Every structure is written in C-alpha cells, then in structure tokens.
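Okay, got some structures for you below.
Two complexes are shown next, each including subunit A; its partner changes from subunit B in the first to subunit C in the second.
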Partner chain A sequence: MELVPQLIVSGIAAGSLYALVAIGLVLIYKATDIVNFAQGESVTVGAYMGWLCITQFRLPYFVAVVLVLAGSALVGMIVERVAYRPLLKSPPFTVILATLAVGLIIKNAIRLVWQDTPRTISGVFSAEPIEIGSVLITPERLAIMFTVALVVALLVLFFRFSKLGKAMRATAQSQEAASLMGISVPGIFSKTWALGSALGGLAGVLIAPLVGINTELGAVLVPGFVAAVVGGFTSIPGAIVGGILVGVLENLGGVFISSSFKQVVPFVVLITVLMVLPTGLFGKPLRKAV
Partner chain B sequence: MKLDGVETFYGAVKALKGVSFTVPDGSIVALLGGNGAGKTTTLRSISGLTTARKGTIEFNGTRIEKSPPERVVGLGISLVPQGRLLFAELTVAENLELGAYLRHDSAEIKRDIEKAYEQFPILRQKRAQEAGTLSGGQQQMVAIARSLMSRPKLLMLDEPSLGLAPMIVAEIFETIRKIRDDGVSILLVEQNANMALSIANFGYVLESGKVVMSGNVAQLLSDPRVQQAYLGQEAGPAAPQAVRH
Partner chain C sequence: MAPLMVGARGNALARLWPYGLLLLLLAVLPAVVSSYALHILSTLGIAVILALGLNILMGFAGQVSLANAAFFGIGAYAVAVLGNGYGVTFWLALPLVALLTAGIGFLVGLPALRVSSHYLALATLAFVWTVQVVLINWVSVTGGSPGLTSSRSGLGLSAFRADWTYYLLILAVTTVMVVLAVNIVHSKIGRAFTAIRDNENAAEIMGVNLAKYKTLAFAINAFYCAVAGGLQAGLVRFLDPYEFGLWPSIWHLLYIVVGGLGSIPGSILGPLVLVSLPEALRGFAEYRELIFAVLMLLTLIYLPNGIAGGIDRLRQRWRADRATAGSNDTDAASAPQRQSATVLTTAHAPPAHGGISLEVAGLTLSFGGLKALQDASLTVKEGEIRALIGPNGAGKTTFLNLLCRVYTPDAGTMRFRGRSLLDVKSHDLVRLGIVRTFQNIRLFAKMTVLDNVLVGMHSHLDHGIIGCAWRLPGAMEEAREAQRKASLLLGYVGLEHARDMPAASLSFGQQRRLELARALAADPALLLLDEPASGLDKSEVAELLAVLHTIRDQLGVSILVIEHDMNFVMGLADRITVLDHGVVIAEGIPRDIQRDQLVIEAYLGKGHALVEA
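This part shows the complex of A and B:
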C-alpha cells in the first residue's frame, strides 16, 4: 500500500459527497441567486430519515434512500416557502440569513426529539477493505463514488433533455423571459430547492453508515460550500472538481501537516481560491439574458 | 384585444395614466411614441409582467389585467420583449422548444420548429449554437420565432428594429406582415414610425403615459403633428387629420 495514492483515493470518496452537497448549493444559487445555508441540515435530515426508515421501520436500505430523497426534497420546498418566497423583495443577504435560521431551527428540532445521542446504521456494502492496484478501499466507499457518479450523469441528462430541466435552465437565465414562455417561475423555484435539498439528503444517507448520525452532520456544508466556490458556484462540473479537490487536499493535509489541520484545509482552499482565482476554476463572467 | 383606462405604476411613478385602445382581430396596430412614453409599460401590463393598478384589459372576452404572464401566454398573447430576452446560454433549438412550453402536441411542435427554420433559414444552420452567440438580427429572428411557437392569436413586438441594420429591419417587417397574413393580430411598438406605419392598419401615439392620437395609417401619415414629431418631416399642407385625444 502506497500512502499518497491511498490518500488520494479515499479523498475522492469523501470529495464526491462534498460535490453532492455543492451541486445542491449551485443549483439553488443559479436559479435564485441565493446560497442556501440550510443545505447542511438537509444532509442531517437525510441521515436521520435513513436511520428512522432502517432501524425503526425496518425498511431495506434502497427503499430508505428513495424515502430520504423524497423527504429531503420536501425539506427544501419548506425552506423555499418559509425563507425565500416571503422575502422575494428583500436583499439577498436577508434571505441568506433566513436560510441559516431555518437550518438552525431544523437542527435544533432534531436535537429536541433525539437529543445528542449518536446513532448508527449499517449500509449494504461491506466495510472490509479490498485491494485495487496498490490502494485499499472499502466497497462501501466505492459504492458512494459510484452512486455520486450515477446521480451526476442523471442530472446532466435531466438538464439537457427533459422539459423541466430545460425550463430550470431557462429560468436561471431570465425569469421574465421564462414566465413569458408560460413557465411558472415560483413552481420552478420550489422544484429547484427540492432537487438541491434532495442531493443533500442523499449525501446524508450515503455517509451515515460510515461516520454515524448526529446533529452536527450539517457541518459538511463547509467543505461543500468551498467546493462550490472552487468550481465558480455556477457550474456542476466545477462543483465536482471542487469537491474532489477539497476531499483530496483534506486527506493530504491531515497526514502531511497535522491531523488537526484537516478541518482547516477547506478554509485554506477557500482563501487561496478567492485570492488567486476569484471566479473559481470554472467561473465565467456572468452572462444571463441578452 | 381592448384596453380601457389602464394605469400602471413603478413604485410611486405613474407610467400609464389611463391608456385605452383596441387591437382589432387580424390587423397590425402600431403603438408609437418617444422615449419614456410608456410603450414598453403598456406591453408589460398586457402580458402581466407588471400588473395594472387600474383599468381593464380584455382579450377574446376574458379579463386579463390581473393575470400572471404564464396565464396570459396560455390565452394566446405572446410578447417579443424589448431587448429580446433570449436564453443566451441555451441553443437556438432549445429557445424555440421553450416557446412551446405550454403545448403538449410534440409532433406539431416539431413541425412548427421546421416552419420557423423555413421562415428563417439561417436559424436552421445555427440551431445547435448558443443563442447569445448570434448577431443582433439573428437574435431578433429567434425571439420572434420563439414567440410564434406558442401559436399566439396576438403577437406583441417591442421595438424589433432597435439596433439592427436597415436590410435586416426590412426583412423583419416583411416577416411581421406575413405573420399578420397568417391570421395573427399584431401589436407593434416602434420608435421607427415610418417603418411601423408602412405595414400597420391602425396607429396610436402615446405621450407620457397617455394616448394622444389615434387613427388609420393614412390619417396618421398625413397629420402634421405626427409628421413633425415622429416622421422627421416638415408639416405638409392640410390633409385628413388623426383624432386628437
């Protein structure tokens, strides 16, 4: 086993989850110009819903995943209804604070119900590492990477070919023009928040078997946010590259600098990117409707 | 379509101060006026982008003054907005498809896209290109074609000639005439009054949020006030005059 390739591969596994959180942020930002700070809580909600489905209702993991997607989508729609829609005429900063507030409310509501006791669920794939080439990886991490890749591919197809996907892209470019086509812009907002939040929930139920379930899972918002910034905040491929970059650098920094440095890595990446490449790796000058 | 006493505000600013006029079926009506007269606001009030505070707007017997844009387009009114508002990062073909967003007859939609390419052959060539990369004239063609994809009964165009070369303008106006001949009513906003009146059946002149003159094209063309203010001519000899409001 060689150290650096090993760190890179496990960094990619963590990074693919950051990418999922980041894509959720990017979708909502592109549609509404708002950074959803409740995105971390959709991860937490996803994990807790997974735990409920699997350990309380004894449902199979795959069924749990589907229910989690639906449940966290609903959370996104609620955040949109409570924090975004009533504040349409307020400055973006107000709306962003409102998403933060809703996130805190969700987090503390969960804490009220289930306290701070950590929970666990077991996934379907083994946590016994297997050797591929010179690196060791657990099947459950492989499954996560595969799932994220699949979801991203589905998203690309969705935005490229489906009517709703095209309507979402159109609305992101010009809300007025979209409404002139007959697109209900509030409906698109609601569906976009649902989709973005569902991706967060998926990240939650995927990571839960590995790291356990507690109300601090939402902290994954930080690396997810940095991943989105690295990618330019408006690009799905950018969010993926950003997520993987943050995941890999965290691992390398954690080993070669110090283990406590790991949590600092996203911030270092964030500051570096903002200083060197303010528009991110995939950012382009804003070009909306002509 | 019929507007009666429409008043529209931007905040406290009263942009329309009781606008009334009609667009008879199957005709081209030109809405003329200088900068800031309220032409765009009139079209925005009809299409629901800004809601009229007072007055009524009636289309085929339905009151639409409170309807949101997505409902207005569903009733058969389509707007080619000022500045075109294309989806710049979507392809030409995707822009056209979105024009048919409320329709569900996919075979017919394909046929209509084909028709649009026949009408504007250059768009067929550019169909896979991002709309934002096209020239101004081509973008205007996309905007018109996209609006037609909803199969409107009334097409409203807001300064389609703005910033375009004279040859392109002539082509666009020829297209507008053809659209009318296909049975679509047209409400045409223009600062280029000469061009607009050359294809229109009726005209209204808007000044600071009010209709100040109306008449058929012959009346407007020969009215000395219209000639002076909008056609860049000296007042000619007395002739049939437009109705002064």
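This part shows the complex of A and C:
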C-alpha cells in the first residue's frame, strides 16, 4: 500500500498530458461542435518536430518547444481547412470521419518519411528520480506537471482578458451573434483549431523524452478523449480533473489488477461515466430541446 | 433498391430476373477464375455482410459505431473455438453465435439511449478495444497474440473443403443476408430506423420506442457481423486478433462511406471497390493506408452519399431530362385532388369517459426561478376544437410539452379519457390516441412523402423483426393495407402526386399538410396542433381551416390547437383558453374572448380591439 502515493503522483504526471490533449479537444468542440479525431496526430507531429529541431537541427529545447507550438498550430489550421470548412453543411458525423481521415493521412505521411523506426530525444531535465517525502519522482515528470499547470493558467488568462480569447468565447456561445458583432467567425474557427492542435503538439514534445517517438503516439487521443468526457466535454477544469483521474486510475489499475488491464482502464472509466453521469463531472445538465 | 415484391408475383419476377442472372453468373465464376481470385471473391462476400450490418446501424438508424470489427471478431473466434475445440458443427454454431452476439450488440447499444454520436463513437471504441485486449490476453482460449488456427474440417464443414464449394456457401449466405437487409429496411422497422435518424422527437411522437429500436439496430448490426465472422473462421487458416481492432472497424466504416450511407446497393458497391482496389494497388503496399485515407476524405467532400448516391443523382438527372423533353403533365398532377374524408375511419373507441377527452388541472412547472406555468387548468370535450392562445412567452408550448411528456410537471394532473398521463412515456401517447404536430414542422426530411405517412401508422403495425425480415404473409398483408391507407390519406391532403418525393423537397404549405397526414395516419382521438397556421398564406390558412373542421366533423377527432393567428383561431375554435405569464386569464367562446378586457390588455395593452370585426 505504500506504493499508492507513488502511483498517484506518477499518474498525475501522465494525466496532465491527457489533460492537455483533452483541453485541445474541448476548445475545438465548444467552438465547432466537432470532435477532432486528428488531435492525436498533432501529438505525433509535435513529437517528431521536437525530434527534428533538437537532434537534427541542434536547436535548444526551449526553441524547439516554440517551433513545435507553431508547427502543430499549423497542422490544426490545415485540418480545419481540408476537413471542416468544405463540410460545413454536412452532418457532424461526416466531419468527424473527415478529421479521422486527415489524421490517418498525417500519420501515414510521417511513416513514409521516417519509417517505423522509433526515435528518442532527451529532455532538459534529469530522468534521475529525486525523493520528495516518501515519493520518488523524476525532475522530468515534475517539469511536465509544472508546464501543464503554467499553460492552463495562461489559457485562463487568455480567455478572460485577451480580445481574441473573448472573441473565441463569444463564438462558442453564438456564432450568429458573434458574427453580427463584427467577429470573423471563420477566422475564429481557424484560430481555435490552431490553438487546440498546438496544445496537442505541446503534449507530444513533452512526452517524447519519456516514451520515445513513433507513429503510434496519436493513440493518446483515447485517454485524452476519455478525460474530456469525464470532465463534461465543455469545461477546461473538467478536462484537467478528467485527465488526472484517468492517469491515476490507469496507474492504480495497472498495478493492482493487471498490467494488461492498464490499457482498458480509460474505457472502464468512460463507460462508467457514460452510464452514471452522462454529462460528466463538470457538464451542465441538458434539457431536451423541443 | 425497390422492395423485392410489393406488387403481384408476375411483376416481381419481371423485376427480379436481372438479380437472378447476376447470381447465376457469380455462381459459375469458380469455373473460370483462379483460386486467388476466388479467395478475393469470398472475402468480398464477407465484406458485403459486414457493410450491410454497419449500414443498417449507421446509415439507416443513424447510430454511430466503431464496434463492427469487435462483433466480427467475436463471431469468428466463437465459431472457431466451438468447432475446432468442442466439435460443435458450423451449422449449429453459426446461428447460435450470431444470436448470442446480437444479444451482446443489444447491451453495447444501451449507452446509445443516453448519449449522442460523439460519445457513442467512444463507447463503441471502448468496446472494440476491450474485445481486442481479451482476444490477445485470454491465451488459453483464443491462442493469444499469435492467433488461433482454424480449419473447415474442424468446423464440421468437410463437404466444403474445396475452396469453390466454400465460395458457393458464402455466396448463398451473402445473398440471404442481402435479401433480409432489403426486407428489413423496407419494413416498418426500417422506417422506424430512418425516422429516428431524421428526427428523434417526431419519431417518438409517432410511437417509435427509441430505446427498443436503437438497441434493435445494434443487435441486427452485431448479428450481421457475427455471421460474417463465422464465415471468416472457415475461410482463413488462422485468426489474427489484430484483424479485429479499431483499424478494421474504420475500414468497415469506409465500405459504407464510399458505397453510400443508407443504401443497400451502396453496401455492395463500397466493398466491391475497396476489396478489389488493394489488389490493384499491390505494388504500392506502403502507400495503401495513405491512399485510402485520401480516398475517404475525397469521398466525404465530393460524394457525400457515396458511389450509390452519385449514381442516384445521375439517374435522377437523366430522368428529369427525359421528363422535360416529354410532356408537361406535371402541372395537372400537382393540382391537389381532394378525396372525401369519409374513407377514413378511426380505430379508437367512441367517447367513454363522460364525453371528456382531455382534463388538465392545476398544472405547474418552474424553470429555475421562472414560473412557466402556474395552476393551469383546461378541459377538452370529445369532438371539441379548443384553442389555447396567449402572447409570446405565455407558456403555451410549455403546456404542450408537458402534455407530450417532454417535461414533467411540478404539480397538477393530466388525464386523457380518464387515464392519467403522468406515467405515460412519450412514445406511448400515440397508442392512447394522442398525436401532436410541431410548430417548426418536423418531418423525416430524407424519407419519401409516403414513408412519412407510414411512420405515422407505426404504432398500429404489429409484426416484428421476423415477419418483416422474411416477408411473412401476415406482415405483407399488413404492409399492403398500410400502404393503401397511406395513399388515401395523401389524396386527402392533396399530396398523392408527391408520394415518392423526399419530404424535404415539398413547399412549406405542403410540408404542413404532410405533417397533418402523418398525424392522421396514427388514428388520433386527440390532435395537438402547435401553431399549424404559422407561415401559411391566406388561401392556405382557409384550406387548413376547412380540413380541420372536416377532421373533427367526420372523424370525431378532438383538437387542441395552440395558435398565434387570431383570425384563424376565431374561425376555428369552439372554445378558447387564454394564457398569460403562465396563468389562465380567460376561457370562453370566441365572441366573448374577443371582447374580454383582460385578454385585450394582455395582447395589446389598453384601448385596442383584438380582431377587426
């Protein structure tokens, strides 16, 4: 049982990455009612770009992070342009499939260029665990948790105080009203997809030193999605709580039930939440509209 | 694709012979093609079954699922394990496994009752993932990640050891599954599925039990996948757990997206293209996934209804060209030809409860702090036309939604012919004889005009999945009778010429009339009309007035109408109830209401007359 605090802490580290992916999904969903199934690929793109910048171009890690943010934002804008905008009049299901298709295209394009050979980068922080109380944690994981917390704080400030952030919130509430107030709604869509995707890319470059880089990194979409569902899918704090919950439960389940069970944990959580609390922990109850 | 045999038998033969010929051609193919091509054809047959199952669920019922490959895997492994491990013959194992898997499908469909498409995608994704983890880790039964060997003789299929005989078996099963699918989608079940897809609320009001039909769609989907899986267990030498994961599920999705969502021919064309294309692309193996992803994206953007939809569009254009080149008898056809309502009868027993149809007392509902309705009472007599009027925000629509069990009141009683409505579910109202129409018309946009009316009869059609799928005589008789009655109703509202057009293509006034015909199809004893005159021009309003009077006079249907248009209400209603701010402020015959000072103030403020004399 003395394992538990340890498992919880490392679960929080993994969970904060899920939270990043989840926030990206939530932002895009709130603005456009679409779940971006290519979000996982922005994680992959982030990781590969990090690898390119650091090991190929020998750039410092922090410069790499900035470039990754820009690059994965660009990916988001491309997805919006090819999968969302031409399908504005189609049912959401069609658009979701289209984002899935774009994700597959990106994944396979990466695979064609760099094959399936796994790659690694080393982070700036040490992977040598240090002891805090009774818990061992690597500075690397601490840095991830800290970075995610910082990003979330910046996001909150952005949405509350910046003009663009306010425009995004307005568009999420009513596209028509926002448009009448002089906000370019297509422009906001494009920027929202860019922002959501950039968060995925950030998760990619953060996770890369820990787990290595391969084309299957996009699978992180699944726990990220579960995190968003648990949090109610429209709430940023919800996505954070959901991400951490999934990360921690995954760790606990992996040790106390079985290691192969670890992969199933997000789904057990998902199904439970769907059955018991269909609107998630932070979602607003919906009255059926008639 | 047209229903296989609606008309006389000779007629059916004339229509079916091309299919027979095609089947014959497919059956003699083994004599001329290589064994490799035969294997591809067998795979194609299985793919068609998978696509059919998925299309019934997603294309027709509109329920998103990524679990297709999981059911496929369950079917394949279960048949293989039962046959090779326990000596259960294929002929017993296949139906057994298919039925059990249908049961699992039913369970997987349960979340569909509570959540919508995005969540459903994930819930089914969760399922496919879980099944794969089980297949990989339950080594003692499934053989784990190396896979499970299977052989036809192990399955008790020694007679089909030769590949060409097994191909014929697959061809036969696939044919049966295609016919069953055609029958299902053209029956009341298929209509219920499409109605749910097009408009859940309206489907429910027409008596479609959403819970039942959504889970049924999942069960049918699982059944099809399991049959495909069983056939797969005999086709391949060994089962690979990685072929039943998420990517194959997406692959199946691609079948129907490329072929055409909501189309049976599309469920055949999609696999045809996607199973043969990889063979053509064998030289570019590493680009395959990329090519398919691009293909999928292009299809979604440029052929939203798939290949089948594209062909349909071409055919329609060709037909339209021919029609304009021919005669211009369309004008004559579009003139409404009214038939007398006397041909219609109502199935509901004559008034039994002291001549009272609807009795509402003390109805109260608050949203947060806002009292939407406060102690509202209203009684509708049998055969009465009652109007409920009031300014915007008076609570009229809330009142209707309470009656239709969308909301539950905080207090009050609602009785229909003496029976309390508080414990009645939305979809059961129609069985009691209560049907509503919607202010913002809710038709099933992509269904034909005739099918819209047929959905209205849903609750009076008794035959289930077996009767519909196998076209049993009783079910066929019932379906023919329903069609006859639907045609009469269409004639009655002047839409007979449009019976095969999609509802969405009608003009606004025609859509209102169609919604009325659909409501009448359900044999209502009480019609609830939500602003039926809104958006109609003067002559259309006059027509509607006449139709509603006929419905009441000849069918004895009681009507509660919620309305804005004062002139319309004054000419229509026997009595009027006026709501303002959730409270009933007046009740009486039109003449008195017109002069009621409270009502005038509520509508216009002081010093105005309500209606020009």
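The rule is short, and it goes like this: the second predicted complex is superposed on the first by the 283 of 290 C-alpha atoms of A that agree within 3 Å, B and C clash if a C-alpha of one lies under 4 Å from a C-alpha of the other, contacts with A are read in each partner's own complex, and residues count from 1 in each chain.
Operating definition for what follows: contacts are C-beta pairs under 8 Å (C-beta built on N, C-alpha and C of every residue); 3 or more make two chains touch, one makes a residue touch a chain.
Model, not experiment: these values are computed from the prediction.
> Taking the superposition as given, does A:Ser122 touch the first partner, subunit B, the second, subunit C, both, or neither?
The answer is neither, since A:Ser122 touches no partner chain.
> Between subunit B (first) and subunit C (second), which does A:Phe93 come into contact with in this model arrangement: first, second, both, or neither?
A:Phe93 contacts subunit C only, not subunit B.
> For A:Met181, using the defined touch cut-off, is the partner it touches subunit B, subunit C, both, or neither? Pick first, second, both or neither.
first
> Looking at the overlay, does A:Gln173 come into contact with subunit B only (first), subunit C only (second), both, or neither?
First partner only.
> Check the residue A:Ser134 against both partner chains and state whether it touches subunit B (first), subunit C (second), both, or neither.
After superposing on A, A:Ser134 lies clear of both subunit B and subunit C.
> For A:Leu270, select first, second, both or neither according to whether it touches subunit B, subunit C, the two together, or no partner.
Once the two structures are laid over each other on A, A:Leu270 reaches subunit C alone.
> What's your read, subunit B or subunit C touching more residues of subunit A?
Of subunit B and subunit C, more residues of subunit A lie in contact with C.
> Taking the contacts subunit A makes with subunit B in one complex and with subunit C in the other, which residues are shared?
In the superposed arrangement, which is not itself an observed complex, subunit A uses residues 287-288, 290 for both subunit B and subunit C.
> Considering only the defined contacts, which subunit A positions touch subunit B in the complex?
Touch list, subunit A to subunit B: 163, 166-167, 169-170, 173-174, 176-185, 287-290.
> Quick check: in the complex, which residue numbers of subunit A touch subunit C?
29, 35, 82-83, 86-87, 90, 92-94, 96-98, 100-102, 104-105, 108-109, 112, 222, 225-226, 229, 233, 260, 263-264, 266-267, 270-271, 274-275, 278, 287-288, 290
> So in the complex, the part of subunit B that touches subunit A is made up of which residues?
Residues 47-49, 68-70, 73-74, 78-79, 81, 83-90, 94, 97-99, 101-102, 131-132, 139, 146, 150.
> Under the stated contact criterion, what part of subunit C meets subunit A in this complex?
Residues in contact with subunit A: 58, 64, 110-111, 114-115, 117-119, 121-123, 125-127, 129-130, 133, 136-137, 201, 250, 253, 257, 286-287, 289-290, 292-294, 296-297, 300-301, 304, 397, 401, 404, 406-407.
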